[in-house]
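Think of it as A, B, C and D in the order they're written, each chain with its own count starting at 1.
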Amino acid sequence: MTTFHLYSFAAMLLAALGVYGLITRRHLLRKVMALNIIAGGAFLLLISTAYRNQGAFPDPVPHAMVLTGIVVAISATGFALALIQRIQKQLGQRPDQEAGDENPDQTETSRSGP
Amino acid sequence: MHILAVLLCLAGAFFFLAGTAGLLRFPDSPSRLHALTKADNLGLGLIVLALVVTSSSLAVALKVILVWLLALAASTSICFLLGQSMLRQDQRQDQ
Amino acid sequence: MSLAPIFDILLITALLLVSWRLLGNSDLFQAAVLFISFGLFLSLAWVRLQAPDIALAEAAVGAGLTGALLFATLKIVEPKQGRSKNGAQPKSCRLDRAAECPGRMHYILASIFVLGLAGLLLTAVFSLPDTANGLAGLTSGFLAQSGVEHPVTAVLLNFRLYDTWLELGVLLLALLGVLGTRDRLGPQNVTAAQPPNPVLSWLVRGLAPFMLLATVYLLWLGDHAPGGAFQAGVVLAATLVLLWLAGLGSVVRMPRHAWLFSLVAGFSAMLVLALCTTLAPDAVALAYPQSWAKALILLLESVATISIGVILASLTVLVLAGEGEANGAGAAETDGKNGM
Amino acid sequence: MTHMLWVVLLPFLGALCCLILRGRAVAGTGILFSLAVLAVCTNLLPGIWTQGQIRVELGGWAAPLGIGLHLDGLGTFFLLLTAIVGVLVGLYAAGFFAQDKKHNAMGRHFWPIWLLLWGGLNGVYLCSDVFNAYVLLEVTGLSAVGLTVLSKTTASLVAGLRYLLAAMFASLMYLLGVGLLYAACGQLDFVLLGQDMTQSPATLTAFGLMVFGLLVKTALLPFHFWLPPAHSSAPAPVSAILSALVVKASFFLLLRIWFTVFPALTGQAGSSPVLPPGLFLGLLGGLAVLWGSLQAVRQIRLKLLIAYSTVGQLGYLFLIFALLSVSHGAGGGPSGATDWTAMAWTGTVFHVFSHGLAKAALFLAAGCLALAMGTDDLNAMRNIAGRMPVITFTLAMAGVSLMGLPPSAGFVAKWMLLRAALASGQWWWAVVIILGGLLTAAYVFKILAYTFVPSQDETVPLRPVPPAMTLTALALALLCAVSGFRAEEVIALLPHGLDGSPLSAQGGSP
């Protein structure tokens, strides 16, 4: 069992755990956390792959890929959390808002859905 | 030198352990905070001292000490802020 | 050396346990705390696997920023978890409220699917060779021509500059997306959730210069050692967010144009490089002129640092502040109507 | 010759300009840049025509180290579709977002995000690197979500969040696949990977993960859950973009991954696997055609109906994986096999094109109706044929193309697919295609029937619709029909590399 195999196994288990959390957890915040755990697993796989190179230094290409991935993950997470906040705000106001505020929007969505 | 560093590290680790035990075992938030900041600052100080002893150059030693000072300032202020917010919450509950 | 496997196994167990607990724990606050420790354990793993660049970024982003964002959202989504007085059940924010809670079948199917997935993944990983070079040889071979001495920076800002450019686009898009859902055009005049505290502002006043120094240091370090635009940008973002929390003015007090230009600076700097190299008759697209490589990379990195810092800070400030004044007004209105 | 990178550069430049400008100048700048992108895409055509495919190494670093851009006939076709739909939707959007103050605010956000999305889509069509594809998927995914939630209604926010979570999940699965692939093969370029692809548990799993991720993004049947709410609750021009273009980008990547990166696993390069994975995808596609169309028939909201129709129509695209998976099992002589392989390719590409135009036209028309009537409930559309004849005509023309009736582009697509299915001896796919066509006819006639029903009260006032909006919708529908009338020319435009060989697997790389 080499270090590479140890960590890549852990990476795969993390990813599987994240997928399980994403499917079974209902709270949105937890879904976002589950996605971040999957991302952690994917990153760990890449970094352990880079570590395999027993030469002078680890392979820098996966490192660069993971850095890019981290930026993408924080962007998407921030966006998702902002959306959750906004949804919460509008659901919280729902009883009042449905009568008045949403009328101008009817061009996009009709409220008389199926 | 080496033995001294190891001893200092061990002492630092002991304080960290004590601080964590306090965090887990103490009954209320102020005393937990107390355990955490006091013990951990001391523990960090001891470990920093160990690093200073083993450091190769003066610049490294100064850097490490600077890290400790920053950590001290941060943890004191944060401890204060936490305490204040706890106080406020208590007052609100009393009302 | 014999200690290393023990450390590895401990670390991996901790990672798996923490993620298991944070997904299974019923208390969301604890889950958010565990998420932060998950990020810290991950950065330990990065250090162990000789990826200091990633460790720096992960500690700042995975543990720091994401944690702050999660807590802020938690506070807004579930203001008083489990102890609502006026009988109203705390509304948990769910994707599909009409659907019923998942039954046992759902869990069984999910477990089967995930077990299959895990089996597949583990078999796949097991079949991988222990030693392989990947592109490490090529990268080190061309490192001398790249203009920088640190291989990760060379990959990010020279060999695969296109990806980095697009990545800045992703960052910009996330902020544009958030702004699109808000009633405002930028973080201007967003006030902090709590009034500034004298001790905090004293601390931040003292820390800010050090953090700016660290930003510049990390940026400069990226040339030959772990560090670079992204890590520096995250430290800059943290500084700006702290300044905002302490009520000391940060992205929220920037003039609109300055703010806008610093948002797009990194993305447009690379765009300009692409434009120039595509327009020039004998240049290769996105290639630096050989002798200018080092200077141009440093320039691009500095501009990217500012962009990353300002974008991440604006994103965080917007999420931390919730809906700002709009939220306050809306809540008051709702309360009033409910009272009637 | 124009440089390929322009098709990415120009939309990005436009996005920055739109972000910095304010007021009326934003829409004008956006349209200007849209036209410029269309011009550049057309300009690339002659090069593709003569050379078949063009490859550029970015930064001067050859493939395994750097990122290459790679354009062939297939990519050009997608580029052109995006440009045509993009320009017309842009003109429509100029009218749509000028309605009132609220829409003005939306428009200010629409233009920069849409142009960034456009750049991302064009980037996908040039992409030749598995990791670069991941970043591009994120660019398109985040911008698509950003556009979806622009209207800020609760429905659109919930749909947008669901879309975002699905897109994040999909791209993470794809990224896991990329990680495994890199660990197994040590490189990232499409063509290079395809050349030394071998079968091992790692590459097989990587293949599965990447395809899975892209299937979720393309909304194939069991993974379509995010599409109808997102596409139906977005503002009209955004719905058109999402349905006509965004889902096609992940389908394009799927084609690349399937035929270029993994030819050894999908039965393209000689060795035929025991159970062709393409059969499975075709099966799901067939189910999607039937189920999506059935759901569309059941809807009573116009936009939701059109969105479900997208689920159904996307199913047709996946038949190609099944059709081509037996090519080497059945094909004794290369001449016979080549004939229907080319037909399958032509049909699929034509379907992408015709569906893109028709669906954009439908969504834009639905937007006009919603603007005029204040709702998109089918019950409210009584006697609309008499009061808004142009919109009704647009709906009919686009519907005809979706159904696959003779004078339209959709007819050519379905005819080609049908012939490929029969010629390859897989008649059961022909049954699916015909059944799907019948169901499509059912929901198209359902829409039209409502518009012709006489109404009891004629008093409901219609808000005026700017002619720019009506005419662009009409233009899209007409284009769809015209490209059907002139099918030979459009087929001739199709890539030269469609002679049955796996696309772009040969040549191009240094």
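As a working rule, contacts are C-beta pairs under 8 Å (C-beta built on N, C-alpha and C of every residue); 3 or more make two chains touch, one makes a residue touch a chain.
Computed from a predicted structure; not experimentally measured.
K.L.:
Based on C-beta pairs in contact, work out which chain pair has the most and send it over.
P.N.:
A-C
K.L.:
Taking each chain's centre as the mean of its C-alpha atoms, which one lies nearest the mean of all protein C-alpha atoms here?
P.N.:
A
K.L.:
Report the inter-chain centroid distance for chain B and chain D in whole angstrom, where each centroid is the mean of the CA atoms.
P.N.:
It comes to 57 Å between the two C-alpha centres.
K.L.:
Centre to centre, by mean C-alpha position, how many angstrom separate chain A and chain B?
P.N.:
The separation of the two C-alpha centroids amounts to 33 Å.
K.L.:
Go ahead and note the Å separation of the Cα centroids belonging to chain A and chain C.
P.N.:
The computed centroid separation for chain A versus chain C comes out at 11 Å.
K.L.:
List the centre-to-centre spacing of chain B and chain C in whole Å, with centres computed as mean CA coordinates.
P.N.:
That pair's centroid distance is 27 Å.
K.L.:
For chain C, give me the residues that contact two or more of the other chains.
P.N.:
95, 121, 124-126, 128, 132-135, 139, 160, 163, 167, 170, 173-174, 177, 181
K.L.:
Indicate the residues of chain B shared as contacts by at least two other chains.
P.N.:
Expected reply: no residues.
K.L.:
Touching two or more other chains, which residues of chain A qualify?
P.N.:
Only 8, 15, 19, 28, 31-32, 45, 49, 52, 61-62, 68, 72, 75-76, 79, 83-84, 86-87, 91 qualify.
K.L.:
Sort out which chains touch which and give me every pair.
P.N.:
Result for touching pairs of chains: A-C, A-D, B-C, C-D.
K.L.:
Enumerate the contact residues on chain A facing chain D in the complex.
P.N.:
Contacts found on chain A: 8, 15, 19, 22, 28, 31-32, 35, 38-39, 41-42, 45-46, 49, 52, 61-62, 65, 68-69, 72, 75-76, 79-80, 83-84, 86-87, 90-91, 94, 102, 104-110, 112-114.
K.L.:
What residues of chain D sit close enough to touch chain C in their complex?
P.N.:
Contacts found on chain D: 3, 5-6, 9, 12-13, 16, 19-20, 56-61, 64-67, 106, 108-109, 112-113, 116, 119-120, 123, 131-132, 135-136, 138-139, 142-143, 145-146, 149-150, 152, 157-158, 161-162, 165, 176, 180, 182-184, 186-187, 200-202, 204-206, 208.
K.L.:
In their shared complex, at which residues does chain C touch chain D?
P.N.:
Against chain D, chain C makes touches at 95-96, 120-121, 123-128, 132-135, 138-139, 142, 158-163, 166-167, 169-170, 172-174, 176-177, 179-181, 185, 260-261, 264, 267-268, 271, 274-275, 278, 284-288.
K.L.:
Can you name the residues of chain B that touch chain C in the complex?
P.N.:
70, 73-74, 77, 80-81, 84
K.L.:
Across the complex, what residues on chain D touch chain A?
P.N.:
Listed in rising order, the residues of chain D that touch chain A are 99-100, 102, 131, 135, 138, 142, 145-146, 149, 151-158, 160-161, 164-165, 168-169, 172, 175-176, 178-180, 182-183, 188, 232-236, 299-301, 303-304, 367, 370-371, 374-377.
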